[in-house]
Amino acid sequence: MGGMTPETLLDTSLPAVPLTVEGASVLHQMMRFRWSAWRALSSESRSAILEEAARSVTLGGAEQPAGGRQSSVYSLLGHKGDFLFLHFRRSFEELNDAQLDLARLRLSDYLEPATSYLSVIELGLYESSSDTYQGLAEKGIKLHSEEWKREVEAVLDRHRKAMAPRLWPEIPRSKYICFYPMDRRRGESKNWYQEAMSDRQRMMKEHGLVGRRYAGEVRQIITGSIGFDDWEWGVDLFAEDPLIFKKLIYEMRFDEVSAVYALFGTFYVGLRVPITKLADVLKP
Amino acid sequence: MGGMTPETLLDTSLPAVPLTVEGASVLHQMMRFRWSAWRALSSESRSAILEEAARSVTLGGAEQPAGGRQSSVYSLLGHKGDFLFLHFRRSFEELNDAQLDLARLRLSDYLEPATSYLSVIELGLYESSSDTYQGLAEKGIKLHSEEWKREVEAVLDRHRKAMAPRLWPEIPRSKYICFYPMDRRRGESKNWYQEAMSDRQRMMKEHGLVGRRYAGEVRQIITGSIGFDDWEWGVDLFAEDPLIFKKLIYEMRFDEVSAVYALFGTFYVGLRVPITKLADVLKP
Amino acid sequence: MGGMTPETLLDTSLPAVPLTVEGASVLHQMMRFRWSAWRALSSESRSAILEEAARSVTLGGAEQPAGGRQSSVYSLLGHKGDFLFLHFRRSFEELNDAQLDLARLRLSDYLEPATSYLSVIELGLYESSSDTYQGLAEKGIKLHSEEWKREVEAVLDRHRKAMAPRLWPEIPRSKYICFYPMDRRRGESKNWYQEAMSDRQRMMKEHGLVGRRYAGEVRQIITGSIGFDDWEWGVDLFAEDPLIFKKLIYEMRFDEVSAVYALFGTFYVGLRVPITKLADVLKP
Amino acid sequence: MGGMTPETLLDTSLPAVPLTVEGASVLHQMMRFRWSAWRALSSESRSAILEEAARSVTLGGAEQPAGGRQSSVYSLLGHKGDFLFLHFRRSFEELNDAQLDLARLRLSDYLEPATSYLSVIELGLYESSSDTYQGLAEKGIKLHSEEWKREVEAVLDRHRKAMAPRLWPEIPRSKYICFYPMDRRRGESKNWYQEAMSDRQRMMKEHGLVGRRYAGEVRQIITGSIGFDDWEWGVDLFAEDPLIFKKLIYEMRFDEVSAVYALFGTFYVGLRVPITKLADVLKP
Amino acid sequence: MGGMTPETLLDTSLPAVPLTVEGASVLHQMMRFRWSAWRALSSESRSAILEEAARSVTLGGAEQPAGGRQSSVYSLLGHKGDFLFLHFRRSFEELNDAQLDLARLRLSDYLEPATSYLSVIELGLYESSSDTYQGLAEKGIKLHSEEWKREVEAVLDRHRKAMAPRLWPEIPRSKYICFYPMDRRRGESKNWYQEAMSDRQRMMKEHGLVGRRYAGEVRQIITGSIGFDDWEWGVDLFAEDPLIFKKLIYEMRFDEVSAVYALFGTFYVGLRVPITKLADVLKP
């Protein structure tokens, strides 16, 4: 206790929550397909239903990113769903519209919701957080005061502008997608939310270095879902070769932050189906 | 041990349970909508069904808070349900009536119960609890005696009156709702129910300070469900911007009381649908 | 080790299992109601079905406790079931008959089993257990010998007679019911089944004192289900005001035995529906 | 370390897995009954369906143990299934035949698989294991050599012959059955599979002594399911009075091996229905 | 700390992830069969449906391994599914084709997806990993540099060639299959991903020795599913006698790596049904 410097004291009084900036609102909809009922339709009915779907704002129009509205369809492997509908929108209200639009299509008579995931694209600013909090403390700006909030908001705004392409990306057109949700552990002895900011910052940095080595082969989009869905984050990976999903995640599993603090939910793997090819997949 | 004062000794013999006051009885009903069957109806049938719903005591009349009876409808995001029906009533019997009324509407032929949550609005009185218990002990009033119960009941009554607006609130008309249930951890080494009253009081106070900083942006209603449902508390957040749900809950997750002792259930997010707009959402 | 008295040595060689006496066989049946199919019936059909139910041995006759056969119906709050059928019988065979009788009613075409709970009314005799085991040891009667068994059986018989009204009670006619199953924790470091008999006895006694303070407001029936269902005990609470369920269980949660050793299952809350009022609840 | 005797050293190099011998292949099938569809049949149809079932190899013929083929039917209490079909056969292939035979009966149109359990009757030879392993080591026979395997196989064969009546038993005709699956705990600090053979042997012996005291009142059949189903063992208890299930399991729960190392799955309790009485139970 | 040699220092800076090589893409599809609907068909319809299935690329053609495309059908024991369709393909895209082909068969009107498992055949190279990493470090090749990657890739390529028969095997034609998924534990105190490479290597070697003793009786195929499905690995065992599954897995459960670090999912056991015999199994 005797050796505690002013810096140390300062540190423990700084906020523990890292700064984040947010972008597109994202909804994953995993659906089962009613093959038997579909097969029972005449081929004319099937064509009409697929044409309606292809003309729809949600599935047809939105594949061309217009005003930030994009949707992609994936053919899922295994029993967890036949299709994944992935929507990027500008707000949760627009996601709700997309969900209702899809539900109103006649195609939805042949789709059964299996699961879903609601989140927003999020970039965590661990590096900037410490600097910002420390800087404001050194300037003597009172924590959580109006001035403090204004300064923090200004920092966030700069990041939002600089990172806009990553916050509002196009859905990658890669052949394969891998999606899974995850938590940071809050165990009785190992608890991410009780680790010091500096330790979390260091672990996240090491974690990021692994990801960077795969940059050419896999595209990663992290979405935050605290307050929105049952896990804290959702991870989307996009690649031409699915083996890279296994390689990347296996390597990361030995990082301190993953080995000790990562808890994983259900994994979904699918192949991209451009809306123009949906009829091929649904050929009875 | 040597420095143990009479006060400390006294403390350990005081009740460990904090005082609480209760208000409105609350039922959350998450329902899936049978779109295919609905689409199969004639537009006249759909209109008749929606008119019946809008005229009903539960959905129509109750949107105007009359005698404490209020219900709101939300369009949920994701697969956990298409609609959330939120009922505030004066008693569980009235909630049962609301539930039966809704089940009797023809609209219910197109609604499938997914989940629900039963609770009552609750305000925990950690500050007042210690003072009250300590005060009665100092007056020499025997714990749990008739006199002790009368005195405690008088304290609770004062709080019920002072806090009536928070115990019997209107359902906020905000655009977005976020609902989730939670527990306090009872782990083998970290156990909320074995922490000293003074420690719990301090942690709850710190927790409350975070919430207070968001007062202008989010409205929070805490309901208690020990003995009523499968988690100990249910939390409703209401806001115009859903990002504030994530920001608030993420920041709170680093509080000692949340980091160590909070366990979270399923999260539900929806957009408010005034009953007069329900026909728009259900436009086939 | 040096100070170990003969008494201590004796104690550790006594049985660890507390004595219990059992009474009525109890089945909780949680059922969903098929409102849409019910609504589709003519009012004559509905009346005929309800009359058949009211005349049945299980629902109609058994509401009057005849020869220990009693059944009560509750309208449940939330999605866990629309109705709870609670049966008290003299044996599991009679419970099976009740279950089959109910399944044979035409009303059952509109009932879907959701969950259930099988148990017997049980009174734990922690106080008497130590005394009995110790007494027999002091008399030099060999543990688990025929004589020992006879003596223990005689003690149990005395308790069965003295406690008959609590072992074979009428189903309380209170307005509200609360039912939940529970376990005693068998964790890696906190394990009820490894605590000394004397510690368990002390904790159960303290736990009982809390319950006793609520005696006028709530009626509690404990049923044992080790070997019968998925939790070790089932608890039924009956009261006129449901807030008392929350108050009682919250206060008990701070008892050592609950705080450290109690694990809780699903909670069910309902309102009593006398069979003569069932038609009102099922009014379409 | 200094005091380590050759015996101790020897012990740690002996196999940790206890020897076991296996008998009948066992399948538990828990099924729900479609009462509404059944009731809708004419009484002629119902009779014809029940006669077909009574004549079938699986339900009718097999009730008379012929060549080791036996099946029994139980009426289950609660919602976990209406019937339990218990099959003892000479191999998994014969169990598969029984399952397919049952599925081909018209009665199966009214049966819905709820759960099942696949296992083989197993007798653990803890006593014999140590002796055998130690004996072979003392003879200088190399562990896992061909000679070692031959010697072990000879020991197992002797046990298989001596224990044949317990390995290939008739299904007891007791009034009540209780079935549950269980695991031995593999926790982070308490791990059955890391305990020394001698400790496991001692604990299993104590456990067996409790069971032996109930020999006259309850018949126990242990089946092994490692590699076959989701728990390690399945336990069937048969008795005339179901209270004995509770008494036995409660007493055993205080044994060291159960208190610390036993994890329990779902419990099923039913009443035996001879195939000739099935029509009575299914009387609409 | 003083005695830390350069070797030790080196070791901790080497990658923790073991090298692996991958082969066939594998999909397990567990399906329930709609017996009632099937029975309702005319025998001509049933024959036509089965002939279509036998002629199909997926079930018929693929049973003859052509270009790496193989599928096998198993009749499962118990309620977890009636059939297991096991597909080995050259890529996930081909697996998706197989899944869609199967869904398009008329037979699929009688099949309901229960569960599934997606993985790739994987051989872990624990021995080679340490040697490779150490060797490259000793040559002074910078970790993760382009040269380092090229060298590692060359090592993997040599293994892929040498192990091709095990990476691209035929599906064994054994009578019985046993499938289960598993994880390595990431507990708060016992965490596989935090063990030193040398300890993991030693434990895996001991584990492998057990398996080797069963080589003549059981064929084991390990598939990796990190990033693909909800567990880290899937294990398929093939044998003529199912008791060997129990014996092997029970013995392995006492290995350090299994006892401490293995977590197991659901077990599936089935009998192989050559496509030409499917009609026999589906005889109504």
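Just so it is clear, A, B, C, D and E label the chains in written order, and each chain counts residues from 1 on its own.
As a working rule, a contact is a pair of C-beta atoms (placed from the backbone, for glycine too) under 8 Å apart; a residue touches a chain by one contact, two chains touch by 3 or more.
Values in this document were obtained by computation on a predicted structure and should not be read as measured data.
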Count of contact steps on the shortest path from chain A to chain C
2
Between chain B and its twin chain C, rotation from the CA superposition, multiple of 5 degrees:
70
The distance between the C-alpha centres of chain A and chain D, rounded to whole Å, is 47
What whole-number Å value describes the gap between the mean CA coordinates of chain A and chain B?
29
Listed in rising order, chain C residues that touch 2 or more other chains are 188-189
What graph shape do the protein chains here make by touch: line, ring, star, complete or other?
ring
Check: ring from chain C, direction chain D, yields C, D, E, A, B
Could you pull out which chain A residues touch chain B in their complex?
15-17, 20, 22, 27, 29-30, 92-93, 95-96, 99-100, 103-104, 106, 108-109, 113-118, 120, 144, 186, 188-189, 191, 193-194, 224-230
Which of the residues in chain C come into contact with chain B in the complex?
32-33, 35-36, 39, 75, 77-80, 82, 175-176, 178, 180, 185, 187-190, 213, 237, 242-243, 245-246, 248-251, 253-254, 258-260, 266-267, 269, 271, 281, 283-284
